Amino acid sequence: MSAPLPWTSEEMMTVAASRHLWNGAVCFVGIGLPSAAANLARLTHAPNTVLIYESGTIGTKPEVLPLSIGDGELADTATVVVPLPEIFTYWLQGGRIDVGFLGAAQVDRFGNLNSTVIGPYDQPRTRLPGAGGAPEIATHAKQTFVVLKQSARSFVPQLDFRSSGGFFEGNGSRARSGSPGRGPQVVITDLGVMKPQAGTEELELVARYEHTSVEGAVAATGWPLQVAERVEVLPAPSPGELEVLRALHARTREAHSRPVLLPF
Amino acid sequence: MSTPILSLREAIATHVADGQTLALEGFTHLIPFAAGHELIRQGRKDLHLIRMTPDLVYDQLIGAGCASALTFSWGGNPGVGSLHRLRDAVENHWPRPLRLTEHSHAAMAAAYVAGASNLPFGMLKGYLGTDLPAHNPGIRSITCPYTGEVIATVPALRPDVTILHAQRADRQGNVHIRGIVGAMKEAGMAATKLIVTVEEIVDDLEAPMNTLVLPHWIVSAVACVPGGAYPSYAQGYYARDNAFYQAWDDIARDREGFTAWIDRHVRGTGDHAGFLRSIRSVEV
Amino acid sequence: MSTPILSLREAIATHVADGQTLALEGFTHLIPFAAGHELIRQGRKDLHLIRMTPDLVYDQLIGAGCASALTFSWGGNPGVGSLHRLRDAVENHWPRPLRLTEHSHAAMAAAYVAGASNLPFGMLKGYLGTDLPAHNPGIRSITCPYTGEVIATVPALRPDVTILHAQRADRQGNVHIRGIVGAMKEAGMAATKLIVTVEEIVDDLEAPMNTLVLPHWIVSAVACVPGGAYPSYAQGYYARDNAFYQAWDDIARDREGFTAWIDRHVRGTGDHAGFLRSIRSVEV
Amino acid sequence: MSAPLPWTSEEMMTVAASRHLWNGAVCFVGIGLPSAAANLARLTHAPNTVLIYESGTIGTKPEVLPLSIGDGELADTATVVVPLPEIFTYWLQGGRIDVGFLGAAQVDRFGNLNSTVIGPYDQPRTRLPGAGGAPEIATHAKQTFVVLKQSARSFVPQLDFRSSGGFFEGNGSRARSGSPGRGPQVVITDLGVMKPQAGTEELELVARYEHTSVEGAVAATGWPLQVAERVEVLPAPSPGELEVLRALHARTREAHSRPVLLPF
């Protein structure tokens, strides 16, 4: 083993995800890693990124990461707070979202996602929270970014349940379904980055980190993972990225542990 | 000519019966926890619960045996993980089986909008390429009479009773809601009866023009319950107790611990003020 | 990263072409008269005009020969009577024929909502027992997949350009609208391009939470045009000039009087400030 | 001829219409006579009447009558101002309206209304403003009140165009159409008051004023008007009603003639 890395693999994954957001992108953000990555982008290279949370907060600029999708911080710092039904009609279905940022429990080779059940639906081994906003984010965002940790348990040959569509069965089946968005253009994990191959639309490993390997990514995938001819090695988190991300997490921890005082 | 202002106990006793369909809405914000606890205290059962995000409030109602069905779209503890009581009901039918009607957020929102609009169904470009329609026979489709496009439909949600928590009501029963409003208005207007708990009752709402006000004549009862959204939050009054949401993961993990908590803090207290005192005594 | 702030002349020249479908919305309140006049000055033609209530602004555009089609739901001078130029176009095809697509308000609203929602059609329990469907082939129906009920449909409205007038924008181009908002937001979000004229541009919108703000990135251009809604009104800035609406009945009654008025006050002025000076000179 | 009346026939009609509104009624108000009648009711016997105008103003209490359906006075005095689409979905179609108050250019024996064209639709002799909110008000309000001046030109055997439905062809045809509301329960004119007969649903003269006659109402109707066995004689406007109505109109005239000052 080499010396311990000066960053965690979760930090690397968050930084790698954040780099995909461009300045001015209108981004529909899920809670957790997507939220951390999107806010890191906003606080570094993409200050004019517009963040939308499904709770109805548009153009929000939280100082600390929300624990829930509807923390008061999101409303306080938003350009506007709209009713939730409107978020899904005028904004998402209306085609106003550039990037949908999704997580999941399982992904398959075509970027389809499961966040519903492990095991049969009616007799699940594990009942997961469910689809939430994801099915229509996956349909309507002009593209989606998927972020999750990579393992043979999460990268599976066959989803137990398809909660939201990626490229369906590949080979153009998504486009033929009438889904307006272009689907998952990138899947970012703690081991590397995958993108859909032209034509088949099967995920292909296109990048790894300095501390990860192609073999590691292949081994952590439940199907024979396609590997690009040239696998890019992504730069480590810069000191600036790490500083901003850690400060964000520190502010968040501090805020979330602050006792709540009821005014009576 | 004005809405009755009742105690929460009276409001629930008067308006909520066993076996009804019941929506407690509020998207993370303004979740009507006090009303949920009062339903447990009054021992309501066989409720068909409706809520986009069941959250802790329905984990509690389900674990306490009040529910036989759940219509929902995301059933986790936000930012923390599982709702253990919901999982136990689904995975092991404890304390009783729970019939699930599962949607996406967009579809639940469309179903509430349809209910509020007195339309029999809502439509959305949704569910494309997902397994949800295979497990929810309520998800169907129509064909656009102009383009031939096939569009997903969901039946309207029309709860017997919707319960909301809001910041303020005036003495007539007009209600002002501020902050993240979720599908509160739609759930409220889709229901036959609407109960609203509020942080305070004021002489003048002072609601800025174009904000969310529910006029008194669509509200069946108002109850003044300070802290009624705790451990959720009320914008401008108190913050979300994220630490409590994290602590709930342990409290609800096993049946005994959960039941002891409910017995002590909910069934063992007379009202929400008692609940808050009881919770504080643990924290100190 | 921010919306271009243009002169109204530039905004119209850049974004509005002959033959387009064009919605100027604002329900009695915030009617974008300055933009309508600029369309006349620039001699736009063959426009398909869309507006729930054509009002004086479309009477002027129609009489000035800018329009070949009109989609609408109520075409009078509110509280006064007829729109004489609209009537002359329909009854006598002057100055050119005007193809009508006629709806009810509820249906127009549903069509805008559908457009904003990227749905191909809107639905309503509407048009029951009326002759409108016989004269508007766009009015069709679908059958509810749950109840079998037949429900009226209207095709979505998707204007090429929507023009709105609002009270304020900030320097980034975020727009705040206050007061009666009509279907302004829906018409704006249904359109490919959205131009907004405003009373003033400010450093900070100071919009209360939950009010109507259009974020800058859905706005194609902002133009600062004080008085841009006159003789309609801008809540908090100036009142509706009801006397002008009453006077319009005479101005527009015959072709010559109307044309002289347009030539003098609209075509004969360089911009909206000039129009307002010109109108004031008559009143004094 | 007798001495001139101490009130105008328009005042009598407005007062008669206002008396039909009960305290607490939720009333969807059209501009003109309906608006005057509804506000008169609110300022006299029905102070808790809830007035809704289609512009989105709910619970409005105008000091002066609006000239348009969307005057600023309506917003300034409303409990809440909502978007116009919401008025027609959640409030009207949602079944929240007790009374829809409508006017029209023509009415037929079944209370169907025309406000669209005189003459053929495609080559009209007179193009009227059109239907506006009326078709769905007529469908969804629990009942409607119709107010218009009575003459052979306005009370016609056959509408030139049916803009909104009353009892359709009578004899239950409205109910069979699925219209949720109970239709026009009263038609108030300058000559008297008509209500639908049970069964046929044809309008029947049930009341006249002190200064009008059954014969006058029959003569001003373009079809053989049904007359009730007992025609009530409605009391004249009370001094209180007249005072409030005239003060309302005086305030309105004063306000509408006030010059508008542009702030620049």
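Annotations for the structure displayed:
For reference, chains read A, B, C and D in written order, and residue numbers begin at 1 within each chain.
Just so it is clear, a residue touches a chain if its C-beta (ideal position, glycine included) is under 8 Å from a C-beta of that chain, and two chains touch if they have at least 3 such contacts.
Here the structure is a predicted model, which means the values were calculated and not measured.
Chain pair with the larger contact count among A-B and B-D is A-B, by C-beta pairs in contact.
Centre-to-centre separation between chain C and chain D, using Cα means, comes to 28 Å. Chain B and chain C have Cα centroids separated by 40 Å.
Shown for chain A are the residues that touch two or more other chains, namely 75, 81, 89, 93, 140, 180.
Counting partner chains per residue, chain B has residues 113, 118-119, 125, 149, 179, 181, 185-186, 209-212, 235 touching two or more of them. A complete list of chain pairs in contact reads A-B, A-C, B-C, B-D, C-D. Contact residues of chain C toward chain D in the complex are 27-29, 52-53, 72-76, 78-80, 82-83, 86-87, 90-91, 102-106, 109-110, 112-113, 124-132, 135, 149-150, 179-183, 185-186, 212, 226-227, 230-231, 233, 235, 237-246, 276, 283.
Interface residues of chain B, counted against chain C in their complex, comprise 118-121, 123, 125, 140-147, 149, 151, 153, 155, 177-179, 181, 208-212, 235. Looking at the complex, you find that chain D touches chain C at residues 31-32, 54-57, 66-72, 74-76, 81, 83-85, 88-89, 92-93, 112, 116, 121-136, 138-140, 161-166, 168, 174, 177-180, 255-264. Within the complex, the chain D residues that touch chain B are 23-24, 26, 48, 50, 58-59, 75, 79-82, 89-90, 93-96, 140, 180. Those residues of chain B whose C-beta lies close enough to touch chain D in the complex are 1, 113, 116-119, 174, 185-186, 189, 207, 209-213, 215, 217-218.
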